[in-house]
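The structure's right below; bear with me while I get my questions together.
Every chain is named by a letter (A, B, C and D) in the order it is written, and numbering of its residues begins at 1.
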Amino acid sequence: MPIFASLLFIVIAILFPLFAASAGWHGLLGIVIPCAAWAVFVFGFVWRVVVWARSPVPFRIPVTSGQQRSLSWIKADAAENPSGRWGVALRMFLEVALFRSLFRNTRTDLYKGRPVYGRTKNLWLFGWLFHASFLVILVRHLRLFSEPVVPMADTLAAVDGMFEIGVPTLYLSDLCLLAAAAFLLLRRIVIPRVRYISLAQDYIPLLLVLCIAGSGLLMRHFDKIDLVAVKELASGWICFVPTLPEGLTAVFFVHLFCVSALLVWFPLGKLMHMGGVFLSPTRNLANDSRRRRHVNPWNAPVKVHTYEEYEEEFRNQMKAVGLPVDKE
Amino acid sequence: MIDTERRRLLKIAGTLILGSMLPIIPCSASSPGRSASAAGAGRWGMVIDPRKCPAGCRDCIDACHAVHNVPHIAGPGNEIRWIRQVPFQNAFPDQGHPYLDAGRRDVPVLALCNHCENPPCVRVCPTKATFRRSDGIVVMDYHRCIGCRFCIAACPYGSRSMNFRDPRPFIRTVNPDYPTRTRGVVEKCNFCEERLAKGMPPACVEACGKRGALLFGDMTDPSSEIRRLMKDRPTIRRRPELGTDPHVFYIVS
Amino acid sequence: MIDQTSGNRRIEWLWVGILVIVIAIGVIAYLRQLQEGLGITGMNQNVTWGLYIAQFTFLVGIAASAVMLILPYYLHDYKLFGRITLLGEFLAVAAVLMSVTFIIVDLGRPDRAFNVILHASPSSILFWDMIVLTGYLLLNLVIGWTVLEGERKGVPPPGWVKPLIYLSIPWAISIHTVTAFIYAGLPGRSFWLTAIMAPRFLASAFASGPALLVLVCLVLRRYTVFDAGREPLQTLGKIIAYALAASIFFVLMELFTAFYSGIPSLAHHFEYMFVGIEGHATLVPWMWTSAVLAVAALAVLLIPRLRRNEAWLAAACAAVFVSLWIEKGLGLVVTGFIPSPTGEIGTYIPTALEIAITLGVWAGGLLILTLLYRLFVAVKALTEPVAVKGAGEP
Amino acid sequence: MKGRRGGLIAIGIGLAVFLALATYPFWHAAGKAMPVPELDLETPAIRALPARLCVAPTAEMKTRHMQILDEWRTEVVRNGRRTFETPDGRRFDRSLTRTCMQCHSNKERFCDRCHDYAGVKPKCWDCHIVPETPSGEASAAVAGKGTLK
């Protein structure tokens, strides 16, 4: 029952910081764990990418959807089956920024015993919303890591909070993240075939994100936090002068601990698709297999016996039986 | 503070639970006002005696505009209206006739928000930014107005104005004690509810002073000055046939 | 496959390109309005609603008119409309989106738009309009998408769609009725204070919407592989004729009441529209154009020989659309403010920026419509290969 | 061989971008201190107070002042309740300009410093007018500085 294991994990991830905060271990919660988690994240990420980069990539893969480049009067699909570097860049952009392959999701239903194929955009929509709002929230947090606040964070906050909802203003990205994460989680729980293939690996990051978003909203709107103290803590990390200001609340430590857990989790599991998508051979290789010879670098040397050598070796015999030869 | 917090949470919970039952709650019930008690009134009202207005006198208008930071934007159809002078036949379109005493016909009439008992602007407001207090004052919450201008269309008296542009550059002298408005919200006369709360009369009434063209008071108190005056002198109201029950009265004799 | 959906891709791209440019201009103009306020429009203290709200009103009518296809097909099993009901539903989707956008664009403080929900106020007709419009949008999106997916897959749509379709019929009536109530419930605005406002709205909507649909069908026939056929357009022509007749009749009723009763506050507005008051006559040429076009179109649509000629039918539909756009999209809203209840005769002339924003919203709606119709035609090309012409690839 | 080198270059660039983004706060702040804003609490009105108490305890004011102002707004504008009483019985006029800004008469050195630091942009002053600082107060306020803590 991976869902219960995951829930247990999350309960611990919430209870531990609560316990530690009441025990007064603020240094552990506010400095040691987040900094260590960040280090694990960065080095783990690089390490995973390096391991992947060292792995052999066997072939250019020509079987992506879309017409490959061939004869001049046949229209090639440059974005889908590119033949050059720029086409690959376009395809990668569409994949990373717009989740194009998810957009083409289909679903299969049985109708009177035969399968019918329909379109389904839910996963694409909520998946995209999840990632986009996560990015926006991430960039907005730069206000805690820069002084004066970088204009990008300011502008984004202004757009994100463009609707005057409550005091302080509700950020639309917060709402979107909650809704999208809830959808992605419920989808795994409600749809039997998706539940069947879901592991703790799939639930835990989603639950962590829900916890992070929930505690964030709680701090912004209900159990208010002293922002100045939070920024003081953050600037302590990045200026290498760790400080532990007064006024950090238990909810804040839960928030921070869940973020740390997510950072540690990142290089260990499926979240590495962030780096991995750039390394996926069906996305990052141009389809020029028919125009260029690709030799796998790890191939064992093959003893080649060319026709010239063959003729050299058997010329006299060939002439003797009257076979034509290239060189006399 | 804990108490306020709890009340707020209860309010949120209540809103969620009662959300579906909202239509049956009358709109006035959501704005229980108590401020009338601040000056001891049950129902504020005003009596205007146009014949006591000296020709060319704008004291009440200037006072009102100065107190409330009302912008002065030139050009026809641009003026922000709190209290203004309109020709008699515009204030009382059904009362004009060729034999009307010239003195009355040509004297401009002061027009302001009538603080109706049954205000159409309150009825149509989609956000309750305009609401009627229990002391009868129809007030606006400028923090809440979305600028849809439904209330302007609904008001039969032209007493409301939209801030089509930022009003601040058009304010002559700024009164720091009263906020300005932003562009995009509607504004109107508030019977000087902020002054009434301090026990002061409306700015226009105060400016008019001894001339006595403007009289303000509690309509529910039979002994009030305003009621005694109305007993002696016949009064009319603007467009009473619309059922809005205006509470600004005009002396006709 | 996609290539089959359009007989002429270059024209399609040109069309989309023009729409995108107009949208971009509109967005720039709107950013200006956000910065400076509604002062950049021609609206003023006397005429506080203008082009935006008028477009909103007109487009709610277009949205409601989808019912003129749904009702005959689903209630009376009028088979001929079966192939084009989706066109009506998608038109409704685009029209509702446009009308909601026009409301947003008209708000002085769009940043507070959510106050309508946060401080919900059931005594306000605008609150109910928000409810019915969002409901109608969702209904048509869900119905349109599900029915189209069913067609694409070659299976009948799931059973739960039927009740939604039946619900969408009274719902369509409701959106335009509630929109009429916005106007008809205001004391002091005598031009709008009329019990036949909602019937008038519906009559003109049931003429202008189907007129647009006929034109769209003719465009689709010309430039895509989808042909709605002759007969559905003829039926639509008859629907337009009688709806237009009702619309004209209602306006004549208003004129009678206003002028025979002799009540000045009733008559003034019609005087302003058709002859002008005290030299204020901005609308006069427009209104007469509208009147002449309406009568001429009615004549063409009522004479069978003319109606059966598709060139005449197209011309009549264009005339109906333009005429009713003037009546609703210009005359009805502005005239309600002139003269004002206190007798001021205001003026209203839209500014260039205001027109740019208006065109931008229209272009946005047409872009969505183009996208939806493209999906529709793609499915039709897939499922009705017989009807596909010019798809002669081996 | 050539393709392999191209791949390594791409990997290198990708990792460099990742590292640059992941360490952005560090090199953005490099060499600069990020001092916590010093809030000036030494206005004449505050000095004149018998006890330095706001309408609520400092910790609550730090975190909840915007919500308190919002509640005040609702109470005054919508409910007509203009007087606020603290649990210890002190009474205040519920007013941003007439109560808050009378003590905190130094908007730039009180409100703005903290709001700028936290990247917050309140809309109060779109409508409300900052009360003018009485002359002489500014210099008096510079003399002694307090911090938020």
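By our rule, contacts are C-beta pairs under 8 Å (C-beta built on N, C-alpha and C of every residue); 3 or more make two chains touch, one makes a residue touch a chain.
A quick note: this is a predicted structure, and the numbers were derived from the prediction, not measured.
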Open item on the list: Using the touch rule stated at the top, which two chains are linked by the largest number of C-beta contacts?
Closed with: B-C
TODO: Quick one: point me to the chain whose Cα centre is farthest from that of subunit B.
DONE: A
Task: Gap in Å, rounded to a whole number, between the CA centres of subunit B and subunit A - done: 59
Task: Geometric centre distance via CA averages, subunit C-subunit B, whole Å - done: 38
- [ ] Report the inter-chain centroid distance for subunit C and subunit D in whole angstrom, where each centroid is the mean of the CA atoms.
- [x] 49
Open item on the list: Counting only residues that touch at least two other chains, what does the list for subunit C look like?
Closed with: 109, 112-113, 115, 118
TODO: Give the residues of subunit D that touch two or more other chains, as numbers and ranges in rising order.
DONE: 64
- [ ] Would you please write down the residue numbers of subunit B that are in contact with two or more other chains?
- [x] 182
Task: Residue ranges of subunit D touching subunit B (in the complex, touch as defined) - done: 56, 60, 64, 68, 71, 73, 77-82, 87, 97-98, 126-132
Open item on the list: So in the complex, the part of subunit B that touches subunit C is made up of which residues?
Closed with: 19, 22-23, 26-27, 76-81, 86-87, 89-91, 93, 111, 120, 122-129, 144-150, 152-158, 161-166, 182-186, 239, 242-244
Task: Touch list for subunit B against partner subunit D, complex - done: 1, 4, 8, 31-36, 38, 69, 131, 133, 139, 141-143, 174-177, 179-182, 193, 197
- [ ] Mind listing the subunit C positions that touch subunit B in their complex?
- [x] 36-39, 41, 43-49, 103, 106-110, 112-113, 115-116, 118-127, 130, 182-183, 185-189, 264-265, 336-337, 340-344, 346-347
Open item on the list: Could you list, by residue number, the parts of subunit A that touch subunit C in their complex?
Closed with: 109, 111, 116-119, 162-165
